[in-house]
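Each of the two complexes below includes subunit A, the first together with subunit B, the second together with subunit C.
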Partner chain A sequence: MFLKSLKIILFFLLAAVIYGAFLYAPLAKGLGEYTRVLYFHVPTAWITVTAFAVGALFSGIYLKNKELKYDLWAEAANQLGLLFGVLATVTGSIWAKMSWGSFWNWDPRETSIFILLLIYAAYFALRSAVEQADRRAALSAVYDLLAFVTVPFFVFVVPRIYSSLHPDPIVNTQGKIHMNGKMLLVFLSSLSAYTAVFFWMLKQRIDLIGIQLKIKQLEN
Partner chain B sequence: MQPIYVVLIINIIIWTGIFSYLLTTDKKIKTLKKKLDQLSNEKNR
Partner chain C sequence: MYKAWLVFRKDVQQEFKTRYALNAIFLFAIVTLTAVSFSIGAFSAGPEILSALLWIILFFSSMSGLAHIFVREEETHTADTLKLVTTSSSVFIGKLLFNIMLLFMVELLVVPLFMGVMNFVIYDAFVFVLSLVFGTFGLAGGGTIVAAIISKSNTKGALFTVLAFPILLPVIVSGISAAKKAATNAPLVLASSELQALFAFAVVIITAGILLFDFIWNE
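And now, the complex of A and B:
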């Protein structure tokens, strides 16, 4: 009952975020109408980092416990991370077309997310290349931990070292969020709603993995 | 109708679709779990 109410709240929260992004929040100076993508693009990027962090955590637990389910949980989290990463890239690219005149400009921010997506695509390539379950789990857990080390570097460091056209200086000067109260309300609501959707999706994948493992157990 | 309202409505429709899909999947997972529990109980008897 509690979870059901949470889901209903989530539905209305994200619907309110959509309404707020288009009709309630004012536009940022210098960004104009393109401000609206902020409420969808930043949360998808945030979820990408969160999902990869959760994936790395499960990989670490696998390496400690050697229980296969944690490796499968890590795979599920990384799948969602890659999905949200692609969404962040697409929404960013649409914004770039409107603002910079081209879908892809090899801006440091675009280049770093592209490399990050390639690193995680290689994780899945590695998984599909190894047939033996234990060996695959161990190799991909180690790779996942190494891959996650690069996440803060590519997401937070690289775009700040090189001069970028990414509009951080407008909404995020000195690493602090300088937003109008209405914008901040919609932005934080969007972050919370996206995070809830991510954990809901992850829970479904984890449940399905549990079912899959139980079927295997019943077959033996 | 102003284009912004069209975009807003499309976004709401997409979100409603994703939400309904997640709810349906939730229900299916619950049913599967129950069936599996029944099967494993029968096997254990």
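And now, the complex of A and C:
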């Protein structure tokens, strides 16, 4: 019952975020209508990183106690991460076209998200190449953790070698966009709405995985 | 550590009996070098393009040979014996040493040939050699752990490059940048961030490999 009402609250929150992003929030000074993509680009990028971190956490737990459900949870989190990663790439690419003039110019930030997508595409390629469930779980968990330790190199090393046009990833420190109260309100509610959507979707997948495992158990 | 050395010596002896990985990696390097040199000629490319080409040749040649070390153990069914006689970390370190040796041998052949054939002039040999050494440790570390993963899966060939490339990309990016600076006579200070990145990557990937290898090997 509680979760059901939460779902309805989430619906209205997301509707309010969409309304706020397009109609309520004022434009940043000196920038055009296209900056409204901010309210969708930053949250999806944030969820991408969160999802992969959650996936790596589940992979680590799997390696620790070898329960198959954690491997399936990690897979679910990484799938969501890949989904949000594609959304962040597309919204970022649209923004890049409007403010830098081209959809794709291998800016370090674009490079790092592309490599991130490549890593997790490779993760799913590896999963499809192994048939036994426990072996697949161990191999993909190791690859997931291995990938996760190399991600900081893309975030810190590549932008140090090539200079980036992308604003500071940490919200509103020396970023190029200074937000006023209304913008900040919409931005923060969008961020929390997206985070809630992610955890709600993950919860659905985890419940589904639990049911599937139970059915398998009953069949045997 | 002594056991790791024994694993290394066993692999060296086994390799020189068949020379499978050695032939594959050397011939692959020569073939790609020929293709590159044939298609763009000696004097038409600047240091930016040449340093990128050098690292692409090194990366893909290493991809053709590094996986063999674990695939062989699975194909000849000797992995179980190895599991019985020694610990997983000494297996990993032994195989890592072998892959490092293999890459150094390839570099000793390919890098002078590349410099000669492509007219690639290095002004700062110290930066260049140091970046190659650190880069080799990174490539071999990442290649060895991914080879261990791949040896347990069903499709061994194409998947290796797919899995290794995104993980090893920091090595390639920093390696290319360091080689470019070494070829354009930049002072050592300017290349220090690349060298630090290469060194840090090698340390991180080898440590992660040693820690994670046990889960693959005793799975």
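The rule is simple: the second predicted complex is superposed on the first by the 195 of 220 C-alpha atoms of A that agree within 3 Å, B and C clash if a C-alpha of one lies under 4 Å from a C-alpha of the other, contacts with A are read in each partner's own complex, and residues count from 1 in each chain.
The definition used in the following text is that contacts are C-beta pairs under 8 Å (C-beta built on N, C-alpha and C of every residue); 3 or more make two chains touch, one makes a residue touch a chain.
These numbers come from a predicted model, not from an experiment.
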Request  = Identify the partner contact of A:L139: answer first if only subunit B is touched, second if only subunit C is, both if each is, neither if none is.
outcome  = second
Task = Specify the partner with more touching residues on subunit A, choosing between subunit B and subunit C.
result = C
Key: Overlap of the subunit B and subunit C footprints on subunit A, listed as residue numbers   = none
Key: Touch list for subunit C against partner subunit A, complex   = 142, 145-146, 149, 152-155, 159, 162-163, 165-167, 169-170, 173-174, 177, 193-194, 197, 200-201, 204-205, 208-209, 212, 215-216, 219
Key: subunit B to subunit A touching residues, read off their complex   = 4, 7-8, 11-12, 15-16, 18-19, 22-23, 25-26, 29, 32-33, 36, 39-40, 43
Request  = Would you mind writing out the residues of subunit A in touch with subunit C in their complex?
outcome  = 63, 115, 118-119, 122, 125-126, 129-131, 134-135, 138-139, 141-143, 145-147, 149-150, 153-154, 157-158, 160-161
Query = Where on subunit A does subunit B make contact in their complex?
reply = 7, 10-11, 14-15, 18-19, 22-23, 197, 200-201, 204, 207-208, 210-211, 214-215, 217-218
